Structures are given as C-alpha cells and as structure tokens.
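Letters are used for the chains, namely A, B, C and D, taken in the order the chains are written, and counting of residues starts over at 1 for each.
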Amino acid sequence: MSQLPILPLLPMLFGSIIAVLAGMWRAKAAQVIAVIATGSALLFALTGLVIVTRDGPISYDLGGWPPPIGIEYVLDPLSAFMTSIVALIGLLVMIYPVDAAFDLRPRKGVPLYPLALLMLTGLMGVMLSGDLFHLFVFLEIYAIATYGLVSLGGDRATFAALRYLLLGTIGSGLYLLGVGFLYFSTGTLNMADMAQQLGGMSGSPTVLGAMALMVIGLALKMALFPLHVWLPDAHSYSTPGVAALLAAVQVKAGAYALVRILFDVFGPAYTGFDGVPVSAALVWFGLAGIVVGSVMAIRQTDIKRLLAYSTVAQLGYIGLGIGLATPLALVGALLHVLNHAVMKSGLFLVAGGIIQRTGLKAIPRFSGLGKRMPLTMTGFAIAALSMVGIPPLAGFWSKFYLVWATIDLGNWVAAVVVVGSSILTMVYFLKLFEQIFVREPQEEVVATAVEPSGRVVGTVGVLATAIVLIGLFNAAIVSQVLGPLAERMLG
Amino acid sequence: MTALLELFLARYIYLFVLVLLAIGLYGVLAKTDLVKKVIGLTIFSTAIYLFFIEGSLQEGGTAPVIDERGSDPALYVDPLPHLLILTAIVVGVGVVGVALALLVRLYRTHGTLDEDVIAARLAGREVADDGDTPEDRG
Amino acid sequence: MIVPLDIIIFLVLIIAAVLAINVKDLLAAVALLAGYSLFASLLFAGVNAVDVSLVEAALGAGLTGVLFIGAILATSRHSTAKRNLRRRWTMLPLIAAFIGLMLFASTGLPDRGDPEAPAHQGVSRTYLSQSLEDTETPNVVTSLLADYRSQDTLGETLVIVTAALAAMLVLVRREGDDEDDTRGSDPGGDTSGEARGTTDDEQESGRDPYADEREGGRR
Amino acid sequence: MMTGAYPSVVVRVVGALLSPFILLFGLYIVAHGHYGPGGGFAGGGFLAVAAILPRVTLPESLAYKLVPVHFGPLMGGVGMLLFLLCGLVPMFFGGMFLDYGAVEIAGIAASRMRYLGILVVEIGVGLAVFGAMVTIFDVLMDRSET
C-alpha cells in the first residue's frame, strides 16, 4: 500500500477537473461526479486511517524524489483523521439537495460542484502535505474556491467574500513570509527536515519571528479571536451547504496547519515555553474567543448568524487546546475538531432544510416547527444538545478533556470559562428549543410546512447518528487514534 | 561610518522590502476604495516576492541555467526561491482575478466601490428586513 | 547587481507604490501598479532570476494590468471613496507592530548574497548539481518546476483554474432568482435602473441579450 | 465597455497583426522552458494575451469566433487533465505520482523520459493558464456563458 497517502487526493483532483468538463456538457453530471469523487476519497481516507493507526505513518515521495529534494506527503494518524472528516462532511454536502445547499439551480457550465470539489481538494492537500510551501499552495486553492462559493449567498455574502479575500490573502502572505524566514535560515522546506534543523536554533530571532508570522497568518485563516472579524458575515450570509462546509471543515484546515507546524516543525521551540509567548497568547485569545463568541451568539435572532458566532466560540476551544500544549489538551482540541465538524454541519443542514420548506431564518418565527418537521428537528435537538455538552453525546467529551487538561495544569480561569461557556451555549439553544418544541405553530408557512426532502432528512440523520456514536465510542477513538497521536506529537 | 555603510549594504534589501510591505498593508487596511485595497494587496504580495528573490542571490552566481562551466552549485544563484515565487505570482494573479470579479458584482448592485458606503447600506437593509419579509426567502 | 542602480529602482518602487494607492484616477493607479510590477521584474532580472522576471512581466504586470483595466472599465474610473480617518489611525499601530516583528525577525537573516547562507548550503545544491544528469534540462528552474517539485506546479495550475471557476461563479447569471427576489417574480423587473447608480456601461446594456434578465436579478 | 471594435483603424490593424506573433512567441516560450527562461506559466500568459487582444480591438463577432467563450474553461480543464494524466501514467508502471522517470519505454532512458514529461507538463500548464486567464477576462467583461 505504498500509494496510500495520495489515494484520497487523486479522486478529488480528477473529479474536480472532470466535473468541470462534464458540467459544460450536462448540468446534472457534475453532482454525480462530485458524489463519486468524495465517496471514494472517504473510502481511501478511512482505509488509510485504519492502516496508519495500526502500522505507523506512511510517507510518500511525489515524483519519486526522496523528501528534502522532492515534496513529501505524509499519511499519519493526524492527517488521516482530518482527511476522513473532510471527506465525510464533503460527501454529505454533495448529497444534500443542490437548491437547498447552494441556492442555485445547476445549469450547463456553472462550476458549482467543481468549485466545491476544489475546495475539498485544497483542504485535503493541506492535510496531507509534508512540505511547508506545498501547504501554502493548497491553502490558497481552498481559499480561492471559498471566495467563489461564499458569494453564492447573494449581495451581502459577496461583500463578506471580498472582505474575507482581503484578510485571507494577507493571512497567507504572512504565512509565506514565515516560510521565507525559515527557508533562509535552514535551507529546506520539508517539515521533518526543518524540524531537525530548527532543533539547534530555538532562540534565534528569525525562528521566533517566523513562528509569530505563521501563527498570525494561520489564525487569520482559522478565524481565531480576535482575527475572526471575517467569519460571522461570511458564514451567516453564505448558503447552508457552503456554511456547513466552511464551519465544519474549512476553518479546521487552519487549525490543523497550526497543530502540524507548532508541534511537528517548531516542536520544542514551541512547547518549551521559555520566553515564547505564542502558546500563552493562544490560550488567552482562545478563552476570550469562547466568551465573546458565546455572548454574541446569545444576542442573535438569525439562526445562521447564531451558528456563525457559535463557531467563533468553538474555535476558541480548539485554540485553547493548541495553546495549552499538553497531550490531554491536544486530544480535547482534536476531538473537538471532529465533534464540531459533525455538530455544526448538522445544524447548518437543518437550517437549510428549514429554509427549503419555509424560507424562515429568524428564530422568533420558528414557533412550532418541531411538530411539523419531527425528524429534522430531532436531528437538530441531538446536535444542539451535543453543542451544549450533555453527556453522553459527542460534544461533552471534548470539553471534558479540555477541562481535565486545564485542571491538570492548574489553570482555573480556563476551567471556569470552559464550563461557564457551556451554560452560555445552553442559553442560546434553549431559546431555540422553546420556539421549536414548546410553542404552537403560529405562522402560515410553519403550519403548512412538511418534513424537508428525503435527502435533507437523510444527511441530517447520518450526522445525528454520528454524534451519538462518537459520544458512545469516544473512548475507542481517544485510546486508538488521538491518544497515541498526541503522545507522539508532544513526546 | 564605513561599518555602518557596510551594514547598510548588507541589509538594505530588508529595509526596502519592509517599507513596501508596510505600504501594501496600509493600502489594504486603511483605504476605503475597494480597488485601492486590491492594489494594496498586489503591492504587498510583490514585496513578498522581492524578499524571496533577493534572498536567492549568491555573490558571483549567475542565472540557474547550467552552461558549459559545469554544474557546480557555487556558480549559480539559488533556484528554489525562484520556483516558489513563480508559484506565488500565479497564485497572486488568481486572487486578483477573483477579487476583481467580486468588485464588479458589488458595483453592479451598489454603483459604488466605497467600502464604508456599501457596508452602511447593507447594515441598513439588514435592520429593515430583520423580520423575515417574504423577500427573505431563498 | 549594481548597488546604486538597485537603490534607485527601490526608490522608484516605493514612489510608484505610494502613488498607486493615493491617486484618485484609478486608471492611473493601475498604470502605476503595472509600472511597479515592471520595475520589480527588473530587480528580479538584476539578481539573475530570469524566469521569475519573465513571469512577473507577463502575468504580474501584463495580465494583472489587463484584468484591472477590464474591471475598472466595467465599474468606475474615479475613486469616489471618502477618507476614513478613524480607520487609518486604528490601523497604524497594527502596521507598526508588523514592522517591529519583521525587523526583529530579519536580524537573524544572513547578509545579502552571502555564499555561506544556509539556503545556499541546503537542498538547492542538489538541484543545481543533479538537474542536467537527472532530467537533461539545463534550466534548473524548469526541472524544479516540472519535475522535482512538480506537485507544487500542479497545485499552482489548479489555483489559477480554481480562480477562473470562482470568478465564473461570482458573476454567474442568476435567471432572476437572486436573494432579494421572491421566487417566480417577473425577471424583467422594472425597478432595476435606479439602484444601479450611474454606471459607465448603461448605454451598452441595450445590445446585451441578457441585460433584462440580469438586471432583474441584480437590484 | 471595452470589448468590441476599437474606434481607431490603426489600433484595429495593429492588434490584428500583432496577435498571431504574440501567439507564436507564447508557443516558443512554452516550448523553450528547458533551455532558457520561460515555460508554461509565462507562455500561457502570452497565449492569453494573444487571445485577449482581438477581443479588445476587433469587432465582437469576429473576435469571439476566433476564440469562442467556452474555449476558456475547456482549455483550462483539458490542460489540467493533461497534467494529471501525466502524473497518473507512471503509477501504472509502479512509480509514484508524477514520477515520469518510472515510465519504461524501450530505448528511452529515464532522464530522457523526465525531459519529455517536463515538456508535456509545460504544455498542460500553458493550456490551463491560457484558458483560465481568458475565462477571467471574459467573466469580467460580462461575456461568459454562465
């Protein structure tokens, strides 16, 4: 299986290009190709995950050139884990009905699915790359595809996309500058090789500066507080399918790159703490993000905007986990990447279903939806309860590991914030629950609404099941995949 | 004095690149005209290209095309940053293309490219149809 | 590389950059930007980066300029934006912090053209000494681009294709079902003209077969 | 807007005359990448200019007959596909993705194979850049078919 690392990427690469050409011929063909491509990518990624957790990482030399010379792809538990998440969420969004997901009827030559595929390709490339510059290239692929997809949401979304483009390009520019500093002080671009070279120069101002630049750049991409300014608009104005992709996997690519670079490339220079304020900054900004995101979410009346601010808060958890830099915290952060992907995409897809049937976005008008759409709303309830952190659902466990990690370190402020934010999350979801389940239908559109189409219910059902399963089997995930991974990265 | 001059000669590239980066960043962050912002972005990225390419210089090296002098690395400049910047230039053109497409679409709706005006207008509208008027469907 | 010439070009670059973001006439700004890119490509040629110089001149200066001019002709030539002094002042500390960080970081970088610099002792030695043997290609940048690091080039080509597709999607014709329209409303909406403002292409829309349909969607 | 016949005869004639030469130069640059500055990106850029120039100067009906609108995305896809196939073929010979040297054809040394692989890749890149740039221009000029 020496070809394994490239296998998840190949169907995506070919699929997106073939979808472009097929889409010029038949409008429907592109979606079929997209489903096939993401489906086979998911299959390969899961196979990869099973094999690498058993046998250890596989390295792949592109073009047959050994690593420092050529570009290396690395399939290790972390990248296989992330790639699987991307492929899973991607597949569900591709199956989701096109009008509800993208608010655009497919037509000949409209590159809707090719662009969505290219975004997923970029995300997977980021996750597989073992080369600092190559990571930048794929960072830009998914970013550019995102700018196009966000603009589907209409006028405000276009404006949000432009603002995101300006900030995102500055972010990748800063990352590129960081890569430049590292290259000129080590003479290599390969991550493993660079980690070795950097081992002897942890105090050098260039390395510290490069670390700061790369962290700022990637934090912009990941929308970590206070660099999240582009996120609420871009996520809430884009169409439900795009928003699900953005919140579930797109911002996680930044988080992944941050984990990869801080722990695998900078390694001791980062975790050693001596005089390096980067990790402390991540902790405090993560906490601030949790508080600000939750408080802002409570104040929203538009469901998609509420979910967008909640994403800011959830990304704060991930930033906190990366900043604490202990194995437990890293497990919590990575588990939260998975949980948040499943929960938030589920919530956005539910919102898409509501919009598909009723056209409503304002929460005060949701009264009685629970009676009209029982299946969809059950999925919604599971995802929302998981977001709050009710055991034994998935969302509980990642917070549990994070709290454990903060108590371990004696960082009581962080522990209080994490627990307290659950209450804030409860507040904004209770508001929704009251409207949906307790009240009687008041609006004409609600009273006549029916369950969304089968594919909507199906995708939401898959995600809700996944939330329950991840919650029940989280011990297996942690002990088999994430635990050893965190130990290795920090050991 | 000569020491200072030598220091300047060895490092002046960084100073100039830094000035250009700052101008570009200022253009993106402080200007309100959207075209000017994209121009600032281009200035910013071109300054990054300069940073890389100037770093590839090796005293006495010529262009990295192997000629009859043989393939001793000391004879040529470092080709790797050249490749990286080739890539970055193409990426930059792509980003500018998408940015301009977004600009054109915004202009068609609003008839202006002033960021503050568009933002105010969108915010005003947001308040207006907060209550899910039928137009909000879709 | 001739140092005084370098410094002069850098000064020209700075002047062009400052003017490009400050002149009111956007066409002039784009011309200045193209000039900026051309002078940058001159600098690239000066340090023997011939490939980069060519690409920067063709794509960076040429095609970017064409795209900018196209966009300006499709929108408006004069910058009407008002100054936002508050934003300007809040941004200055950020930029100052960035400059400080960069200055701090650059103290550890090697001197200009230093043959002992780590970058010249790293992987690029392999490329230079092996390229002719491995690939029969004298131009090392080409063998790097299309062989040693061909996956980068694959990604890069994908980027430009993605950009083209994204631009298509951004400006896709909406058949009158844009976000602000109710489903099934008359696509030839008659309120379209007023919200569009004064556009330079007003007279052009008469001969555009899609114009009616489009304007309905773009109120 | 800008597309359509330019009012000045001189510009029209010069544009019409210049375009084929730019095209030729672009092809030369694509092919010449092995030995000197150039390659797919710069060459593709020149090809795109050669296609855009008639769009700016000549009458629309003629210009869009020379290089139709759907040509842009088509060439982008075809060029990219060429590149990807070039990467895929070595995998059937047991090599890695994009490892042209692994392709075994009797009488051709591995280094020669790499040389040819680079050529194919450059052509693919040239086509893709050409297609993408023309598409972006058409889209900005409101001429695309979508």
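By definition in this document, a residue touches a chain if its C-beta (ideal position, glycine included) is under 8 Å from a C-beta of that chain, and two chains touch if they have at least 3 such contacts.
In this text, all values refer to a predicted model and were calculated from it rather than measured experimentally.
Q: Give the chain pair, either A-D or B-D, that is connected by more C-beta contacts.
A: A-D
Q: Using mean CA coordinates as chain centres, what's the chain B-chain D distance in Å?
A: 25
Q: How many angstrom lie between the centres of chain A and chain D, each centre taken as the mean Cα position?
A: 35
Q: Distance between chain A and chain C based on Cα centroids, please, to the nearest Å.
A: Each chain reduced to its C-alpha mean, chain A and chain C end up 28 Å apart.
Q: For chain C and chain D, what's the span in angstrom between their mean Cα positions?
A: Here chain C and chain D have centroids separated by 20 Å.
Q: For chain A, which residues are shared contacts with two or more other chains?
A: As it turns out, chain A has residues touching two or more other chains at 13, 17, 20, 62-63, 103, 107, 109-111, 133, 137, 140, 144, 147-148, 151, 155-156, 158, 161, 177, 183-184, 189.
Q: Would you give the residues of chain C that are in contact with at least 2 other chains, written as numbers and ranges?
A: Chain C, residues with two or more chain partners: 50-51, 55, 59, 63, 67, 70-71, 74, 102, 106, 109, 117, 119-120, 122-124, 127, 133, 138-139, 141, 145, 147, 149-172, 177, 179-180.
Q: Where in chain B do residues touch two or more other chains at once?
A: Only 25, 34, 38, 55, 63, 65, 80-81, 84, 86-87, 89-91, 93-95, 97-98, 100-105, 109, 134, 137-138 qualify.
Q: Considering only which chains touch which, label the overall pattern as line, ring, star, complete or other.
A: complete
Q: Along chain A, where are the residues that touch chain C in the complex?
A: It is residues 13, 17, 20, 62-63, 65, 68-71, 103-105, 107, 109-112, 114-115, 118, 121-122, 125, 133-134, 137-138, 140-141, 144-145, 147-149, 151-158, 161, 177, 181, 183-190, 197, 204-210, 212-213 of chain A that touch chain C.
Q: Show which residues of chain B lie in contact with chain D when the two form their complex.
A: Interface residues on the chain B side: 63, 65, 86, 89-90, 93-94, 97, 100-101, 104.
Q: Inside the complex, what are the residues of chain D that reach chain B?
A: It comes out as residues 35-37, 41, 129, 132-133, 136, 139-140.
Q: Name, in rising order, each residue of chain D that touches chain A in their complex.
A: 70, 73-74, 76-78, 80-81, 84, 88, 90-91, 95-102, 145-146
Q: Mind pulling up the chain A residues that touch chain B in the complex?
A: Within the complex, chain A touches chain B at residues 103, 133, 137, 140, 144, 147-148, 151, 155-156, 158-159, 161-162, 165-166, 169-170, 173, 176-177, 180, 183-184, 189, 301-302, 355, 359-362, 365.
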